[in-house]
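The next part holds the structures, each set out as structure tokens.
Both complexes shown next keep chain A, but they swap its partner, so chain B is in the first and chain C is in the second.
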Partner chain A sequence: MTKLTFDPAGVARRQLQVILALDCSGSMRGDRIASLNYALRTALPELRHVAADNPEIDVRVRVLRFGSTATWHIADPVPVEDLKWTDVVAEGETHMGDALRLIGGVLTSEAMPGRQLPPVIVLASDGYPTDDIDGGLKAFFEAEHAASAIRLGIAIGSDVDEEILVRFIDHPSMKPLKATNAADLVHHIKWATTAPVKAVSSPTNAPDPLVPLAREADLAPTANSEIIW
Partner chain B sequence: MSGSEAGLLRPGQGFATTSGRQGRVGALLGAGGQGEVYSVGLDGQTFALKWYHPHYAELDTTLRSRLDRAVRRGAPTEDFLWPLDLVDIPGSRSFGYVMLLRTDDYVSIRDLIAPPPKRLELSLARRATICQQLARSFLQLHANGFCYQDVNFGNIFLDPKRGRVLICDNDNVNIDGAEASIYGTRKFMAPEVVRRETLPNSRTDLFSMSVLFFYTLFGWHPLDGRREAETKLMNAAAEMRLYGEQPLFLFDPHDDANGPVPGLHDALVARWNSLPTRLRTLFERAFGQGLSDPAARVLETEWRGALRIVEEASFACPECGFEHVAEPNPAGPPGVHERCLACTEPLATPAFLQVRDRLLAMTVGATMDGEVLERTLSGVAAGRVEAHPQHPDRIGLRNLTGDAWRAILADGASYTVPPGQVVRVLPGATIDFGRNQGRISQRLAAGEGT
Partner chain C sequence: MASNWTIGGASVRGAAHVRAGKGNEDAVAWHPGAGTGARVVGAVADGHGARAHFRSGTGSRLAVEQAVARLVRHLDDPDADEVGSALAGDILRGWRRAVDADVAARPYSGEEAGFLTGPRLGPYGATLLTFAAEEDVITILQIGDGDLMLGYPDGRVVRALRSDAGLVGEETYSLCQEDAETRFKVTSLWRGEDADWPDFALLATDGVAKSYRDDAVFADAVARLRDFAREDWPGLLSNLPGWLEELSGQGSGDDATLCIALRNPSQT
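Up next, the complex of A and B:
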């Protein structure tokens, strides 16, 4: 009896892809990789929650791991509500250049079909790249949507090539987030994945979406610290 | 939003409000960019405390004076979750304010556009009622010389059971014309604010309110048409173009460059065509002239009559459930589509009661506001549409007034309708309510003769 001429559920939502690039080199072995896996497990429910608060956008997640090679851990952009975390394993070198090249390969209209919001790319590393990082950065920034992307960097531990993270972020007010302990790492992973999604529907003071994010990122450690009390 | 994390305040910590009341911090309820919200005990009652991040309190230099003024002036209507008292804690670099606690009965009206199963399903009439309540509240706010500055989906909550609206996040409210503390929220800002030519004021509030109304009725943004659909990546430049520099209404009557895309926006087109001309005309002005001329924006009072038609004259297609709104016509039968805009079947309609310029769909459960009869204040029901207890296909109008009505049927027979009694709704009949008369009409479904 019913022959609807359209989908009453309305129009498809605009997609927001969150791409996580995780350093899984040998130096991450042990408690660090365990912390990283734990951080991601705790960030996911939070991300689901934030996504549900922003019903206009369809949040998708892709995950890439890099060690002696860079490979997709979760290759297809998975709707955040369907995502189940399987642990990443640490081994080998730090092929961050390969990782950036691989990400660059999906920052195209073909790999990101339909209506998209600027993707969010979170790069987390605990060391110095061992491959051709300059070539990797170049290939990354040549990608169609690289410049529009929200790029966040997390430095795990104290022996990190921060300069590379700064070059990846490439924004005057956004600095790498420093995680010197497990609690910071959990906090930063959670913040870096959820804050940009929240920002889509948050009040703003600045035309550049990264400026308020940078301000929030700056504060994150203070808000957590014991200093206020 | 997890309640287990360590926050800026410690549970159990004591505090005093500016007015001298003693309170104690409870659980952390939520956190955002500006600060955190706690449950607090105050004089034996539970309230909410918003506590600012020290950096935010420092950054927003007029925050304290705004809140102080808001507390002194009091809420414009009870629909505002208004600051009640300020809170300082010795040794802290920040401050906060106390407000009523929003109970779990309230859901964000963002849920109107959430994907199922979370989606809040509300009838068109209920959506129009929400808009009416918001218009009333914003009118009071503006009439008091305030502006809200950040009207958007995230600040409006709804108790679907009681139909009550709650306007939250009132800490940006400021004297209209004073320097604003915030630009607004993406896609709700007026074009001149998107272009950063002005800070929010009462005229930009009116624009944001129109966007909110369009969203509430359509579940969609009024400026998202062909151009948005063709924008593959919505970066800052694209947003500036679509919502700031070249905004164009999805249903602009003179320019279809940003019009609906067949196959993509069909549901929106059907919804648009289902609405009464008076409401569409207001949207055309709000998102036509109103895009560039703040003085042309639709005032709260103007929405009222147009939204009332949706509240009173909407009905669902019995075949597919898609809602339509009949067009009032004091001189003749109401205007209704021949076929359903969604399933294209011949559209069967309920009977309608036309009283002066008001058109009421006689669907079971509908109430007739006392204002229709010019007897009582708005908000008091003068009649209610009911089905006969033994013959559910017979629809009647119960007299909820204290005076008898007189019903004159098409054949001239006349009946008295005492208070509390029900008169059957029959096309062609007239009901004399005393001060004015109502006429019942019904468009016969196609194929049922003339």
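Up next, the complex of A and C:
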């Protein structure tokens, strides 16, 4: 009897790109940027662990920082197991519109070839955009894979343009995560990088797969801290 | 009665479900059970699997059972003139009644009741893909994702139905939706004197195609399955479960299910 085989070259793990867009404006200096760097250092091992639990998924990470300019901190999608964190530094204004344009530029079939799971995009900011945010949002949502992306927003501190984060998230059940102290920020960064990866990589199809994730986000505990940003 | 078609299939638990200790949420059924007949019916279904759809494995099983039973009844009735949309409604009503009966027999536990958030039949949510063939008519129905590919004597493999529009990411339409009847896609093929007539049909849950690098590679794989089926049908059926497990393990990790129908090459 002939054995039924398949060409391994034609079979591939699905890729999941996690894109972190980090506000590195001057207002993030001090405790906030230190907490953000700490949060990412501690979140990455957890993300690696989640990826290891889902070996059918090729989890990759890009990181973008925005201050007076928006630049890729990690430009190419790096396999999460190879990712080493180098701290981001705070300076300047809040060019979030430029950041969204840059992200839109990689939400294409060329930058995300083959079978892709919906990308996860985490936008963390502590302030108000100082550039053309409307143009940036428009360019972002015109990108090929913007609509399918899981978009999460983290509002750092109490002086954040939440309306912009809501427009970026653009989902009726999903709200910005609020971090008013260092512990909150660490918790939210960990959750925002790992929970969507778990949710997206679990083999499921449903009328609206994001609703359970939004419920989970609503139930996320907030930390008690005497230091409030 | 001529035995024009041969039909069979397999369904395996995906590697991710094995690791998570979850069951196979896909289902497959076909008629006749012996696998050959002048009229054949096949169905595959994919339970959604998320926590809100905690009985979707049962939902997919009920879906293929109801679909096959109703399509067989339709084929067996020489006076049947139901159009596809009426068939979809009939299958949906049968599935809903079967789900209600299952809920009545196994009421939700307190923990399960805590997961009830969406539509009334949400816990049983599943997709469904069906194929019914007789001598001169093929009827295809689909709600949600999955792939139905038709093969032709000249070697072509084509997708039978267009993809759903307006969905993003992993979203899919489902039997559990209140407006499910409007979400069915239906097509019928009538054999004409000069028309090409399929000699092969493959129904697959999404765990199969998503294991391939892209749609073109998947279509090539379907063409090779057609060749294999024509050369060694018993070999295909005996190989299929192991092949699906290996494919899913190296690919999507999802449950993987195929139903394949082959027209006897001697029948023109």
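Rule of thumb we're sticking to: the second predicted complex is superposed on the first by the 205 of 229 C-alpha atoms of A that agree within 3 Å, B and C clash if a C-alpha of one lies under 4 Å from a C-alpha of the other, contacts with A are read in each partner's own complex, and residues count from 1 in each chain.
Everything below uses one rule, namely that contacts are C-beta pairs under 8 Å (C-beta built on N, C-alpha and C of every residue); 3 or more make two chains touch, one makes a residue touch a chain.
The model shown is predicted, which means the values in this text are computed figures rather than measured ones.
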- In the superposed arrangement, does A:Ala52 touch chain B (first), chain C (second), both or neither? first
- Message: One more residue to check, A:Val211. First (chain B), second (chain C), both or neither?
- Response: second
- Of the two partner chains, chain B (first) and chain C (second), which one does A:Arg13 touch, if any: first, second, both, or neither? both
- Message: Is A:Leu117 touching anything from chain B or chain C once the two structures are fitted on A? First, second, both or neither.
- Response: both
- Task: Check the residue A:Val200 against both partner chains and state whether it touches chain B (first), chain C (second), both, or neither.
- Result: both
- Message: On the A-aligned overlay, A:Ser148 touches which partner chain: chain B = first, chain C = second, or both, or neither?
- Response: both
- Query: If you lay the two complexes on top of each other, which residues of chain A touch chain B in one and chain C in the other?
  - Reply: 1-11, 13-14, 53-56, 114-115, 117-118, 148, 200-209, 212, 215
- Query: Considering the complex alone, what residue numbers of chain A touch chain C?
  - Reply: 1-14, 53-57, 114-115, 117-118, 147-150, 200-209, 211-212, 215
- Item | Residue ranges of chain A touching chain B (in the complex, touch as defined) | 1-11, 13-14, 46, 49, 52-56, 109, 112, 114-118, 145, 148, 198, 200-209, 212, 215-216, 219, 222-224, 228-229
- Note on the structure: Within their complex, chain B touches chain A through residues 1-2, 6, 8, 10, 32-33, 53-55, 92-93, 108, 110-111, 113-116, 118-119, 150, 152-154, 172, 182-186, 196, 219-220, 228-229, 231-236, 240, 264-268, 270, 319-320, 322, 342-345
- Spell out the residues on chain C that touch chain A in their complex, using ranges where they run on. 14-17, 19-20, 46, 48-53, 117-119, 125, 127, 144-145, 168-174, 176-177, 206-207, 210-214, 217, 220-221, 224-225, 228, 231-232, 234-236, 238-240, 243, 246-247, 249-255
